[in-house]
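For reference, the structure I am asking about is given below.
Chain naming follows the written order as A, B, C and D, and within any one chain the residues start at number 1.
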Amino acid sequence: MNDKIKLGMIGGGPNAFIGAVHRIASRIDNEYEIVCGAFSSSLEKSLQTGNELGISESRVYPTYQDLINKEKELPQKDRVQVISIVTPNHLHFEPAKMAMENGFDVILDKPMTLTLAEAKDLKEVQKNTGRKLLLTHTYTGYPMVKEARQIVASGKLGTIRKVYVEYPQGWLSNALEDKQAVWRTDPSKSGIAGAMGDIGTHAFNLAEYISGLSVTKLCADINTIVPNRRLDDDGAVLLKFEKNVSGVLMATQVAAGEENKVKIRVYGEKGGLEWHQEDPNSLVLKWLDAPAQVYRAGTSYLSSFATHNTRTPSGHPEGYLEAFANLYRNFALCIKAELQGKTPEKEYLDYPSIEEGIRGMAFIETVIESGKSEQKWIDFKI
Amino acid sequence: MNDKIKLGMIGGGPNAFIGAVHRIASRIDNEYEIVCGAFSSSLEKSLQTGNELGISESRVYPTYQDLINKEKELPQKDRVQVISIVTPNHLHFEPAKMAMENGFDVILDKPMTLTLAEAKDLKEVQKNTGRKLLLTHTYTGYPMVKEARQIVASGKLGTIRKVYVEYPQGWLSNALEDKQAVWRTDPSKSGIAGAMGDIGTHAFNLAEYISGLSVTKLCADINTIVPNRRLDDDGAVLLKFEKNVSGVLMATQVAAGEENKVKIRVYGEKGGLEWHQEDPNSLVLKWLDAPAQVYRAGTSYLSSFATHNTRTPSGHPEGYLEAFANLYRNFALCIKAELQGKTPEKEYLDYPSIEEGIRGMAFIETVIESGKSEQKWIDFKI
Amino acid sequence: MNDKIKLGMIGGGPNAFIGAVHRIASRIDNEYEIVCGAFSSSLEKSLQTGNELGISESRVYPTYQDLINKEKELPQKDRVQVISIVTPNHLHFEPAKMAMENGFDVILDKPMTLTLAEAKDLKEVQKNTGRKLLLTHTYTGYPMVKEARQIVASGKLGTIRKVYVEYPQGWLSNALEDKQAVWRTDPSKSGIAGAMGDIGTHAFNLAEYISGLSVTKLCADINTIVPNRRLDDDGAVLLKFEKNVSGVLMATQVAAGEENKVKIRVYGEKGGLEWHQEDPNSLVLKWLDAPAQVYRAGTSYLSSFATHNTRTPSGHPEGYLEAFANLYRNFALCIKAELQGKTPEKEYLDYPSIEEGIRGMAFIETVIESGKSEQKWIDFKI
Amino acid sequence: MNDKIKLGMIGGGPNAFIGAVHRIASRIDNEYEIVCGAFSSSLEKSLQTGNELGISESRVYPTYQDLINKEKELPQKDRVQVISIVTPNHLHFEPAKMAMENGFDVILDKPMTLTLAEAKDLKEVQKNTGRKLLLTHTYTGYPMVKEARQIVASGKLGTIRKVYVEYPQGWLSNALEDKQAVWRTDPSKSGIAGAMGDIGTHAFNLAEYISGLSVTKLCADINTIVPNRRLDDDGAVLLKFEKNVSGVLMATQVAAGEENKVKIRVYGEKGGLEWHQEDPNSLVLKWLDAPAQVYRAGTSYLSSFATHNTRTPSGHPEGYLEAFANLYRNFALCIKAELQGKTPEKEYLDYPSIEEGIRGMAFIETVIESGKSEQKWIDFKI
């Protein structure tokens, strides 16, 4: 019998974009059942969301503390198992810590915490509690991103030489601080970075994930372009990776007319690869003296990592929600394997977690420091 | 409280592609709960699928007749409400008829029945029972397809002159009759058509849906290209629509290297539009003396029909499963509106149903007749 | 010393689109020198064009007859060698015949003549005179079209099964008969076909050239969509080729918003290829169970036919004018080889000539007959 | 009568890529006639090229000094007017200076000179002699690049905020120093920069041309990736323009698998534009809350600058050679206007010249200085 994993949610009340995405992601593969939530700081709104989700009123809690404390008291067969935290950044660390310390696994939106120090503390918590953590770096959930990583790792491209990653958006081209962007541009809720935290971390994570290389130092041009905005909305970063590889990261939220155009290119001695999030089911491989190839999701010639993360045959496009669902599904498969005393398959284990979160926070702190510095290169420190 | 619609499924046992798609589609928007099934002619396999889905053994039935008869006896609060039929074509009509006659709404994969006569009988059944039917012509569930229909209807393109629709696939380039294609090329299960029934009907439906025009006659070249195949695997059709509009429909399953490349172009006096299923979130509008425009899903400037059928902001690609989910969701919203004594919104009502099914069956019969005829034009008769 | 071939031109006066294209094509590779012309039926206009081209007034003639007669009297070292005829269709046959009969090689725009009978007569003239003829089917001059032909011929795609060719334009969406389209829609100047002659013949030629297969019968839907137009402006054709291959040809001049979107796809047992004129330097090869490949002009891995017809390294796009120049250049190389008593290279000989012209005229006559017929298939007769 | 401008060429002997391109460019629009040359340091090779071009032996010179001195003695009606210099960088300044000082106009390949000091000297020469100079920054010759500049200047995009320009190539991924790359990686012939001089200057010029903004400081990461190469083959540059605009420039010759992928994006408050050299006839305009538009070369809605630089209707792709020819043609039109005592049209005057050359040399010197510096920003100094 398929025993679904019992999922609780902190945040994600009415009109919250990412909360709804998490919930769809949790449903697609039928691995989870949402059983409880503290969806909003307003109990009324929280109950409204709970009602829409068909959750019994008794399990809609006024605070995350309540949720954790009360659920802990429930019999194991009813009790929530995984808590998904989809609040603004300043409300990541405390609930994640408390959840893990009370025996729950955690799903956390990125950036993982408000500061690098919190991130490192959370690692300690994880170490001490042995709980699992999924950090929802969505873009690494795409099958062709997984394929890209495997191709680089296989050596087919030769020694890697260059990484270009970019993430242009345009939705913050005007001052929207009173609307959906409100917390994203408020330092007390978002942390020291705006665009660099919101999307720069995604680009950074994608670059390290596919290249298999760690950034060692960087040089950033960080800008706040819209007047009166309190955090950066634009930046470009020269990157140095280990093994003498260099790269460029561009992330902006004021590229008027751009939607969500994550793109990455990685070049080695023999060839390169290119992936665009807005056409996610294709991965272009380019070769020095041979025709470029277009690898496509759902085909027979892909690695087990891509295949495992696809549901439909090629030509039936899967997208952002399925990529998100892949993260949820792999996390569930690991939890179930553990419950069954099995070792999870390597494909299941391929999800972003606490190490990626720490590196993401270090990226934010280093990039903002560099943006203010007159010194060219700033070491990437954790 | 969100009372999910209770869904049963006939067909969709282990390894069935389209059954899994239906189930994901039913889950994405949280409108359904699968409560029972007769997933396979093998009870063992049926139980396996039921188990995977977390359905209690008591509601996994050996036959569809059992399912309908037994569910009918359950108290209304437990009883299945909608029965999804995902069996091969020859097992569409009887279960659909029996389900409607016993008070259940029906979701049916296309083509609707084995013959046009059955399709017309089913219409009578619907008329007599007052039940609802959703026919899963997936491609009309895409938001940019809905936008395309609205644009044509708005008159922006001027009087329509030309419709090109095509659906090339390559997966039947070799004889696969012993594998997943087995029933699709068996006349006793698939009906008189192969490719024309399997994908030609999708192309036909898409052309009529977007253009808002009905085909009145056609001239077809129907081929069986792979040796020993018993049904057509390729065809091209000259179309005449009402209002003196002409068109071309191409559908093939032997275009080696093509995946699932549904594409439609419609031209009017002032401009044209173009949509590709493999890049479904873009809709290109072309104009006589002005730059082409790329309409994108999830943006602010689209019609309510497109917006209603999108979950995420632009740049977060939705795909085939979401298009399928749109059909399920709209059907659910209509059922719920009725249960609440409300008139469904026009956006909810925009799903394919019995009339589209009848036209699809008429297409199959006319196109196959034309393929065998020495006469140029064959009237499209219902 | 590079002795350029001395070129004369009939037609191509002020504001003539195709005349200017021919002249650019003749210059690009420095193989020709324009020495004389009868550019217009108005001597004044003809002198104007001659003046612009730097041709001495004594060699601007009032009629093509004059041109041929007077040039014939000149000493061989000065005398024109090749006469390029860029007049409307009704003025192709007579000047071409007279030119060949007086010892000149001929370049002729397509369609070759006004009727199939004329085309066959011209073949006789050629046979009797031994002169050369270049028919400017531009699209076969593109290097990646040549590559496509070589790939099909190599057998890499397996036995060919299906050919789709299309040529949508939009520029005749409105009645433009008083402007540049005037002769194209006048049966006395254009012949019995409008769009089918103007662009349908290009599509037909491209399909036979790349596939290496001859059409044996066809079934056409031919339309005149713009009111009061005297010739067809739209058509779609079901094709049967030898070896039991089928295809579709679509050509229209009322696809509002389309420019000049020639596209061809050819599928065999193992894979297919796709080429678009508006992105002419790419040729996509698709494979049953392997990634698609993008062949690019100017690369190291192409056939000698593609390489011979490219001037610049890959990534330096060549276009329509260079494709046209390839026709001129190959014709020149053949003429020079003959003058030097050499056998031309096979790459030089790969230009369209009288056989293609005859087949093009047969296409026009068959397709127009089919458009009027109630019989489904009309044999392709020469 | 069309009196063609008499053109001489220094460099461009057998197998020289760019010399052949210059010659084709000079022929396309029939504005020039090549009358003399010093094509190679080997007189034998020079004579071979002269012979191929049909130039009389008496006007093939052993040295550029000879060419200038001897041509100067010829009667004006025969004498060369414009000298095109297509030698490696170290042989730009001296011949250009001598040519101008002897009364000839000059066409010069980029980068303009070996050093910034030479570039500034050349400006003095120009001032003193009053001669014209065309610097062949090819990419600004494309019609859609000109359209892009006009759109930015029109203010349609609002105040400009961000400029991304990139130029990835892969052809130097391996050590090719003994082949065509030989002088490009030899500091004595190429100057202090490799990739930055060869292609970085193109990207820089394109960014300033379209944005209408001048770079004021920059921060560069300059790399030599292929072992034993003597000059840079890769770099990325953070840019600051006047008016507080920022940007990124990426140029590399080791992106294995890339051909010649120049691309530029410029964003303003209201929208952005994007242009790719490998698809040069499209210019994409993106808008904050409206569909993107695809502007196409050869259409009716473009500015006079784009229209003037196009020869064929939309859908007939022009490419690199035509862009190059636009430079030659505009230069010729200016020379002719002057000879006729007219003021050249503003569209004719839109060609790169000595100021662009000076800025290009300043870019090279600043970017290389920055690459070696530990200081973040280096002022752009002339």
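Points worth noting:
Operating definition for what follows: a residue touches a chain if its C-beta (ideal position, glycine included) is under 8 Å from a C-beta of that chain, and two chains touch if they have at least 3 such contacts.
Only a predicted model underlies this, so the values are computations on that prediction, with no experimental measurement involved.
Following the contact convention of this document, B, C is the list of chains adjacent to both subunit A and subunit D. With centres computed as the average of Cα coordinates, no chain lies farther from subunit C than A. Of all residue numbers used where subunit A meets subunit C, over half belong to both copies. The two sides are thus made of the same residues. More C-beta pairs in contact connect the chains of A-B than those of the other pair, out of B-D and A-B. Averaged Cα coordinates give subunit A a centre that lies 34 Å from the centre of subunit B.
One inter-chain figure worth recording: subunit B and subunit D are separated by 55 Å, centre to centre, where each centre is the mean of the chain's CA atoms.
Contact of a single residue of subunit A with at least two other chains is seen at positions 258, 285, 292, 296, 299.
Across the complex, subunit C is touched by residues 1-4, 17, 20-21, 23-24, 27-30, 51-54, 169, 171, 258-261, 277-281, 296, 298, 311-322 of subunit D. Those residues of subunit D whose C-beta lies close enough to touch subunit B in the complex are 285, 289-296, 299-301. Across the complex, subunit B meets subunit C through its residues 157-158, 161-162, 164, 166, 168, 170, 173-174, 219, 221, 223, 225, 234, 236, 238, 240, 246-248, 250, 252, 254-258, 265, 267-272, 285-288, 292, 373-377.
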